[in-house]
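Residue numbering begins at 1 within each chain, and the chains themselves are lettered A, B, C and D in the order written.
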Amino acid sequence: MNKEVLVIGGGIAGIQACLDLADQGMTVYLVERLPSIGGKMAQLDKTFPTNDCSICIMGPKLFEVERHPNTQLLTYTEVEEVSGEAGNFTVKVRKKPRYVEEDKCTACGLCADKCPVAVPDQFNMGMSTRKAIYKYFPQGIPSVYTIDDSACRIFKGKKCNICAKICEAKAVNYEQKETVFELNVGAIIVATGFEVFDPSDIKPYGYRTIPDVITAMEFERLLNASGPTGGHLERPSSLKIKAEIRQLEKQIKKAKTRLKSLEKKSEESGDETRKALEEMNERLPVLQAKGASLEELRDIAFVQCVGSRDLRYNAHCCSYGCMHSVKEAVVATEHGSELQSTIFLTDMRAYGKGFHQYCLRGASEYGIQFVRGRVAEIGVGDDGRPAVWCEDMDTRKVEERPFDLVVLATACVPSKGIENLSSMIGFDLDENGFVKTDPNKPANTSVKGIFVCGCAEGPMDIPSSVSMASAAASMAVQTVKAL
Amino acid sequence: MIVAERKPMEEILAEIEDFQKILVLGCKGCTTVCCSGGPKEVETLSTLIRMDRKQKGKEVETLEASTELQCEPESVKPMLENLANQYDVVLSMACGAGVQTVAKLFPDQRVFPALNTNFTGMAEEHGVWTEACLACGDCILGKTAGICPVTRCAKGLLNGACGGASEGKCEVSKDRPCAWQEIYHGLKRLNLLHYLKEKPQVKAWPIHPGKVVREDLRQEKAT
Amino acid sequence: MNNFEPLIAVFSCHYCSYAAADLAGSSRIQYPPNTRIIKVPCTGRISVNHILRALECGADGVYVAGCLEGTCHFVSGNFKAKQRVQSAKSLLGEINIEPERVQMYFMSAAEGSKFANVAKEMTETIKELGPSPLKGTNTQ
Amino acid sequence: METELRTGVFICHCGINISGVLDIEDLCEYARTLPGVVTVQANLFTCAETGTSEIKAAVKEHDLNRVVVAACTPRTHEPIFRASCQEAGINPYFFEMVNIREHCSWVHRHDKEGAQAKARDLIRMGVAKALFLEPLETFRSKVEPKALVIGAGIAGMTSALAIANQGFEVILLEKEVEMGGLLRHLHKVAPSDMTAAELIGEKIAAIEKDKRIQCFTSAALEEVTGYVGNYAVRFSCGDESYSDKVGVIIVATGGASLKPVDLYNYDGEHVITQSELEIKLKDGNIGAKSIVMVQCVGARIPERNYCSRICCMVGIKNSLHIKEIVKDAKIFVLFRDIQAYGVENEALFFKAKEAGVRFIRYSLESPPVVEDGKVKIYHAGMGKEISLPADLVVLSTPIVAHDDAESISRILKVPIDEHKFFLEAHAKLSPLDFATSGIYLCGNAHYPATVREATYQALGAASRASIVLSHDTVERVGTVAAVKEELCSSCFACVKVCPYQVPHMNERGKAEIEPMQCQGCGICVAECPAEAIKFAYVSDEQITAACEALYAA
């Protein structure tokens, strides 16, 4: 009997299924597309309803997966081919090269300090930068660095190898090749999670065009201590201005040194840089004044069901949006006590254990206001702050209200890779693109021996994902033991 | 059990002020159970004494020991004899009976109590004890639904409530229930209210110190 | 005594304050090097005698750092610790040593900066109080 | 103490994370002067392959019986070094770790001198403590490969079948006369359109067919003693009493639906509950044309401030079913917030709206008023009170805990919350486990759940339980407290303070702690007035040694 199981996806569902199986003596391969396991939960700052710090409660589980004698962690790896049937699946997986030897690297971080290339950090939703050689997130497992070959100069034909030189453990290896290998497993658990809906094509909400309109996940990163602002709450617009000021000051310094070197060589082309320098010197105080004029962040609007319960985008409800916004409003007040949060919602869906009391405390202790009504449009007021057009079904008034920051609680949509995974393995998807299951056999897909858990099956919160992961593990063990 | 509490440190330190070698003698009986004189408390007290003396730059040597039962000579005598001349004062953390046993066995030995013995009590919860028995030597609990008016009634009345209670609480203080009202409810529950009508006999208060002699147990003294 | 550098003993619990100290480390939050941590599974493991012993052995200050109230990994450990710290403070008061030399703090595993601030605050407090009176005779 | 104490100290550079601030050579020099130290080595990365093999070599070469590593945090790296000690042949608990990275070099960069002095102190304390380390054995005890499942509702039956399918015997207790729990009172189960009777029938048939499951109806749990892998259980069935040994226990005792006594003048005839409506649906006659349903009856109110999660979907399912039977029925659902979360529920909610069911929102402050034949409600959208014709009013009431929840929680010594639902180990990451190892929970006993959720929670609990059952022994590291009976004064302090109620008085009248149940926190050790409880993992002698090493005169 083949006691080996493949788990696809290294989020909290995949991790729980993997640990349950490994603890029951099965050999488990955990395949994760990204350089480190942790999934969406690792990006969260705190979790409802206990306000636990997300990575604090998840960290020990990440270690356990890496250290467990019965698990094989395959990160930066994707599934390519699946054949066979329950009890005897053959799976081809492709592990992308990290260009860093996993067993040598001790994650001391010297390479990243010295690496000259900075690119947007996907973990922080692009709101900050990381180096070409990077660790996906500080507590990431496996605790090793990865070279992003689309950013690293070596792979663009330029000479650099600073990281190879500085690395004392001699772990950097630019010649590392991708490896393909075959696994033979008795069952497969799909735990590929979900994507956060990108609200940029809801034009009236002005996401991307108005800097102070951000998604809930971006706000989560702003709240987090290892986020782009180290947990200091700031409006993206003021962040942008500060970045512009820094950029301008750097250009001025560079222009000054170039000017000095030109004058030394007494060529007359110096005045062209001198003109550019003067122009920049004029622009700087204007920018600085604008930067100073932005007051502290005070009023935050949370817009619920963005792209959810909306026939134009996604008919279904994301299951966690209401609680997520209440939690973010509660946690935000810990960063600045004079913050005032308003949540625009249709139904307050606080259906889980301890959820309703959490929202009551949110309203009474943290002064969160709940307004019944869908937000129609978000524009920009004449003071440059976002202006939210909304109706209040209780007072039956339609009005425009200014806010410093607008957070969009966006829909939960199927993960990118699920279509080709479903065509590769053959399990059905429902009309919204999630894995189709029978309510009385909730962890079974339409293919025998293939199981599913977590948001790959449909939007759900963390406790449900964890319970369903254990359910999938039980079904996998039952299937393998029955053959 | 016997319930006792440590004396204020000021008082203890004054008692042993001019002694250099101090034996802190705990007791593993009642004062351990009421967490005031057991081995752990012995260590706390001797550490505090050393810290106080060190602070004042005065010499001190502390010795820590705990008898099984300090009120039993067989437990005290051998222990103190083999610690002889290693100490010049005994700071006893037993109840009054323990302190007196040591004093009686070693009459020329200075003995000081580190605790005040409060009462014979019952445990309400961890860390809370209330007085239960005054050892009057003439128990009437059978007739008062197990509630002793001598200790639980502020005035120790023997023939019924004084009438000053309001809402079941004694007039002496709001958090003390009136013993006689409780006795009434107890007897009603057990339908023994007729006991209240009986003529209360006069209590013969004992003359101290009481003594109990069990001839059936006494060892014949070898003449 | 302005260049007096106090020695502060810290009793930290494995699940919360020790983890907070680790987080202060990984976040590189700087604080004065006067604290020495003794790790225990839970602050409920610490008795009054351990606190007094640390003072007697030369510490100028002692603090017990446990989990936030209500979140103790062992349910009531931090509550017992709070009671014992209170009892140690009143005992010190009785032999007129400043009770402020002993403190109880609560923090979660995620409050790295709080651990650092507590270390700073306690170092300042003990600096003001000066060296432990037990060192009265043989100060360096 | 056994033969001469020989300690090896290994100080780590950790690249430049430690050596960037601390002078490693000076620390090595200082460590050599400490009592009991026979060898001191420094290496670039002690946790890497090279480092651990150096430790193993040193243990053999210098015949070490204590190992001290001064490097990073024990929380992450202690297991690695304990394993190396074990491989080198010494007890893994003769190992002490000193944190000179997170607690020293990383946080005192600005004061190198202070950091160096602190590092010396920490190493001195570590070495002093190491001299008092005691060997700890792991307790092993046999696992009884059998599970006890309490409650045979949809959750209990599903987990019993799952555990049996994995080859383990199951005892399934049901306090009612027949199995099925709440589903016995339901007609249809949304959205699969299977009737509840079919669903339960399927499970009951499978259970009766499965020889590994012993099922007892009208049974009552009486007593449970023991610990994970080894529970002695006693239960009665009818007038017979049984006792058996099991390895794990699953609590699937479910919940009851609240009887809305004197709410909205409920009379069981014109104003009925959803379960009473189910009976009408079963016989296919509703006997009413205009129906008004009221949601959140007795729920999300101050005295019961939780949302019972499933009553909205029950209301929506039944309204759709009424429409099938009575085509032109006029149905109003008065709600506060419709909990149609996820894909399926939202689709069903939409289908109900399409079928003409009207949903009107009301607030806690202005609830609907039920009179005979009509229901008055303030309609926020129209800004005035309207009256709805109602020949039948259906009240959706919450799931509440059974009244025997308290006695079961006492028998199993597991906690319940203020609503008497059983309290899980961790709300987010262990919703199916209790804090006490070996006992699991699922279904309404934990919190109201739909049939789909109860099913996957039950399968999940079966998986959690099978972790214990799939090994023939269960291990417990010896980091537990133990009573020295000759010192115990039988004062019950430990019995009273232990948060897990583990210590108890044994037949010799002395306190006793069952090693398998002790969680190793040490609260009783510090509380014991007779200092009779020893804790070899973090003993008083070790703490005292560390204190004495605090200050180098």
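Everything that follows uses one rule, which is that a residue touches a chain if its C-beta (ideal position, glycine included) is under 8 Å from a C-beta of that chain, and two chains touch if they have at least 3 such contacts.
Just so we're clear, the structure is a prediction, and the values are computed from it rather than from any experiment.
Across B-C and A-D, the chain pair carrying more C-beta contacts is A-D.
Comparing the CA-atom centres of all chains against that of chain B, the greatest distance is found for A.
Relative to the whole-protein C-alpha centroid, the nearest chain centroid is that of D. Chain B and chain C have Cα centroids separated by 36 Å. The distance from the centre of chain A to the centre of chain D, each centre being the mean of the chain's C-alpha atoms, comes to 28 Å.
For this pair, chain B with chain D, the centres built from the Cα atoms lie 45 Å apart. Centroid to centroid, with C-alpha atoms defining each point, chain A and chain B lie 67 Å apart. Shared contact sites, meaning residues of chain D that touch two or more other chains, fall at 497. Among the residues of chain C, those touching two or more other chains are numbered 19, 26, 47, 49, 53, 56. Contact topology of the protein chains: irregular, matching none of line, ring, star or complete. Of all possible chain pairs, those that touch are A-C, A-D, B-C, B-D, C-D. Taken together, the chain C residues at the contact with chain B in this complex read 47-49, 52-53, 55-56, 91, 94-95, 97, 133-134, 136-137.
Residues 12, 16, 20, 23-25, 47, 49-50, 52, 57-58, 61, 63, 67, 103-104, 106, 108, 110, 168-169, 309, 315-317, 319, 347-357, 360, 372, 393-394, 396, 430, 432, 434, 438-443, 458-460, 462-464, 466-471, 473-475, 477-478, 481-482 of chain A are the ones that touch chain D when the two sit in their complex. By the touch criterion given at the top, residues 28-29, 32-35, 38-41, 43, 123, 125-126 of chain B touch chain D in their complex. Contact residues on chain A toward chain C in their complex (touch as defined above): 53, 56, 138, 225-226. Touching chain B in their complex are the following residues of chain D: 487, 489-493, 496-497, 528-531.
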